[in-house]
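Since the structure comes first, as structure tokens, the remarks are kept for the end.
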Amino acid sequence: MKKEGPILIGFLTGSIVITSYFLKSTGLKSISDTVVRWRLIIAAFALALGALNMVRLHGKNIHHKGRNWQYSVVFLVFFLPYLAIGLIRGSNSAQYQYVWKSLYQPASATMYSMTLFYMTNAVWRAFRIRNLHAGILMFTGAAVMLGQIGIGTAISPLIPRFSSWLLDTVNTAGIRAITIGGSLGIVSLGLRVILGLERSYMSDGGN
Amino acid sequence: MYKFTQQWLIWGLLSIVVLLPLVKPIGLPVGYAAETEAAFKFIDNLPKGSITMMVCEVAPSNAGEIWPAAIAIARHHLEKGHKVVISTFIPDGIMYSLELGKLLEKEYGAKYGEDYIVLPYVAGRETALAAVADNIRGVYKEDQFKQDLNNLPLWTRIQSIKDFAVVSCYTSSDDTWWLVRHIWGKYQVPCISSTVSVATPDSLTYYKNGQLVGMLGGVRGAAYYEQRLGKPGMATKSMDAQSAGHIYLLVLMLIGNVSYWYSRRSQGRRSEG
Amino acid sequence: MNPGRISQLVFLVAFICILFIASESYKRTGKFRIRRIPGLDAIDELVGRATEMGRPLAFVFGAGEMEAQTFASLRILGYVCEQVARYDARLHTVTPLPEIYPMCLEIQRSAYVKQGKPQDFNQDFVQYLPADSSKASVLGLFQREKVSGVLLFGNYYYESMVFAEAASLVGAATIAGTANFHQLPFFVAACDYTLIGEELFAAGVYMSREPSEIGALTAQEAAKVAAVTLMLIGAALASFGKDSLVNILKN
């Protein structure tokens, strides 16, 4: 049953949603909508499961005085009160928003900003004309970057035109090809899950 | 040690190059963006009283790029007398949805429930968006403030996704694709997408296909929209910093290649010698 | 029948038929050819390198939502775990998706059981880290553990560049794979090997040669040929001002 259960659920729910997409039936659509809403509930539960795992992991680390256990203390000191505020006062409350705006927002924005530093490193390290491919990559990258900013137009009106051509023609063609290939991959994997052929997500690979 | 110094020099210079224009704006030109112009014109031509949905997938990480676009389009909607329903499918998005509502109240005297509504966060990302497209009333029963949605006058005008004149989305994720699949693909409701710069090339393909009526690509798109609206804001200010950053990266590419070729030449000479 | 979806249904039915026919044909003949995918071949090297150096590997999932790419990545994780268990290497698995945390745990556990080393499995090596905080934690993990190799698979967004460069800074070899084309240029520029788009979905066939997977890949290829043919015919007809093909597909 450990194997058959998930396969059966996958088959039933997947078939209902797909069939309701093709068939004009109000009853079937209503069942399909319900199935889709179950997924939303599962997603919400998964968040709670993830949070529990974090608490377990860090709690265990503190208990066993594991490596860098002090950081686990810091984590729990911030995590638990914030969770409590969210659960008791709700996300609309001034307290929740205060913590969010003073701690979470700047920390999260900082993480994203760091991308620029890593990107700069990559530009320095990777954009070397070692061969023809690397040369094309660098040349087109530079043209698109220049085309995206006003100064490109100031240097020559041909730059934004060339940049647009790269984006509209070369890039679009490439993206469409990858999209078609990737989408077919998604269709194939989705069908395999629904038909119970894909079992890699099960504990023993379905064997 | 050399590598360490070199890395910090590159990063230090980058910080200066990006920060300086923010402190002292240069006013570099933004340039024409046809896809953003299309989005502007589409919203501008919507009749007064049209109901619109803004999918606010803004998080602190992507806010620098797409939050100005959300503000510019929200302002445009209110200026044209449109009604706005704000939704989100990421936990952080709710903070920005509330912020957007406050801004509309402050700047345009918008009334909650009549001019705009903030819907709560729904987990499930694409599935959630698909569920909203298929049966919006089945997904939402209450608003973000736990009020029964049926008590809000604006909500009584909405029965399905087809009641929206346009759905716009602000995202650094695959929401553009989801909009195209579930909202445009299934129900032919016009969609506009505002994405971060890296996602612009692929979102552009949907605009070119006619599956999006317009799009705003990164800070540049938002800056163009702000200027078109006659309300320069955060994006216009950030454009200088972005332009300076691009130029710095280009210079870095150039120096990197010159030094690479120089070192290869020296190596070649040494091996010949 | 919902209007405008007949052609899609025909496509779906044809896809399923080809999947089963190809799968049965492989069962009978055992014949199937797939081109080399260097990124997947390099996984074994990466595990070998980790064992020799005595430094761990890291497998990090993308922070985008759980979808087909995630399933394909789980398949790769299964293979990596088996190799890691076989050669007594160490592997840190990080997922920003709470939904797949139990799956990662079970995949890793079963890999050790399969190799007869259940006692070596340590569930602390599988971590769920929420999307935004995972970035800092993963960077910390790379630095502290001085990982020898990093595998970045799944639904990736801006963290692609951050992780790939951070791995390079600690001297780790990197293999990445995503179908998110906006991140592909970053992976291609910064990683040693990159699985582009559908290569990620072909990984299962490449590593296991399971008949149903071969069937699915064959159906995929057939659909691709059909798509290209339709595109060519459509373009030719459109050039002569005829939109009959478009009208058929609209049904």
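As written, the chains take the letters A, B and C, and residue 1 is the first residue of each chain.
Here, a residue touches a chain if its C-beta (ideal position, glycine included) is under 8 Å from a C-beta of that chain, and two chains touch if they have at least 3 such contacts.
According to UniProt, the chain labels map to these proteins: B = CN hydrolase domain-containing protein.
The structure displayed is predicted, hence computed values, not measured ones.
Each chain gets a centre from its C-alpha atoms; the one nearest the centre of all protein C-alpha atoms is A. Interface comparison, A-B versus B-C: the pair with the greater number of contacting C-beta pairs is A-B. Rounded to whole angstrom units, the spacing between the C-alpha centres of chain A and chain B is 17.
The geometric centre of chain B is 28 Å away from that of chain C, both derived from CA atoms. The set of chain B residues touching two or more other chains comprises 59-61, 125, 201-202.
In chain C, the residues touching two or more other chains are 67, 132, 158, 181, 186. For chain A, residues touching at least two other chains, in rising order: 43, 46-47, 107-108, 111-112, 119, 121, 125, 127, 141, 175, 179. If you check the complex, the residues on chain B that touch chain A are 7, 10-11, 14, 18, 28-31, 59-64, 92, 94-95, 98, 121-125, 127-128, 130-131, 134-135, 138-139, 144-145, 197, 201-202, 204-205, 208, 218, 220, 239, 242-243, 245-250, 252-253, 256-257, 260-261.
Across the interface of their complex, chain B is touched by residues 29, 32-33, 36-37, 39-40, 43-44, 46-47, 91-92, 97, 100-101, 104-109, 111-113, 116-117, 119-121, 123-125, 127-130, 138, 141-142, 145-146, 148-154, 160, 167-168, 171-172, 175-176, 179 of chain A.
Against chain C, the residues of chain A that register as touching in their complex are 18, 21-24, 42-43, 46-47, 49-51, 53-54, 57, 60, 68, 107-108, 111-112, 114-115, 118-119, 121-122, 125-127, 137, 141, 174-175, 178-182, 184-193, 195, 197-198, 200-205. Per the touch definition, chain C reaches chain A in the complex via residues 1-2, 5, 8-9, 12, 15-16, 19, 67-69, 71-72, 74-75, 78, 97-103, 106-107, 109-110, 124, 127-130, 132, 135-136, 144, 158, 161-162, 164-166, 168-169, 179, 181, 184-186, 188-190, 196-198, 200-202, 204, 212-213, 216-217, 219-220, 223-224, 227. The part of chain C that touches chain B in the complex is made up of residues 64-65, 67, 132, 155, 157-158, 180-183, 186.
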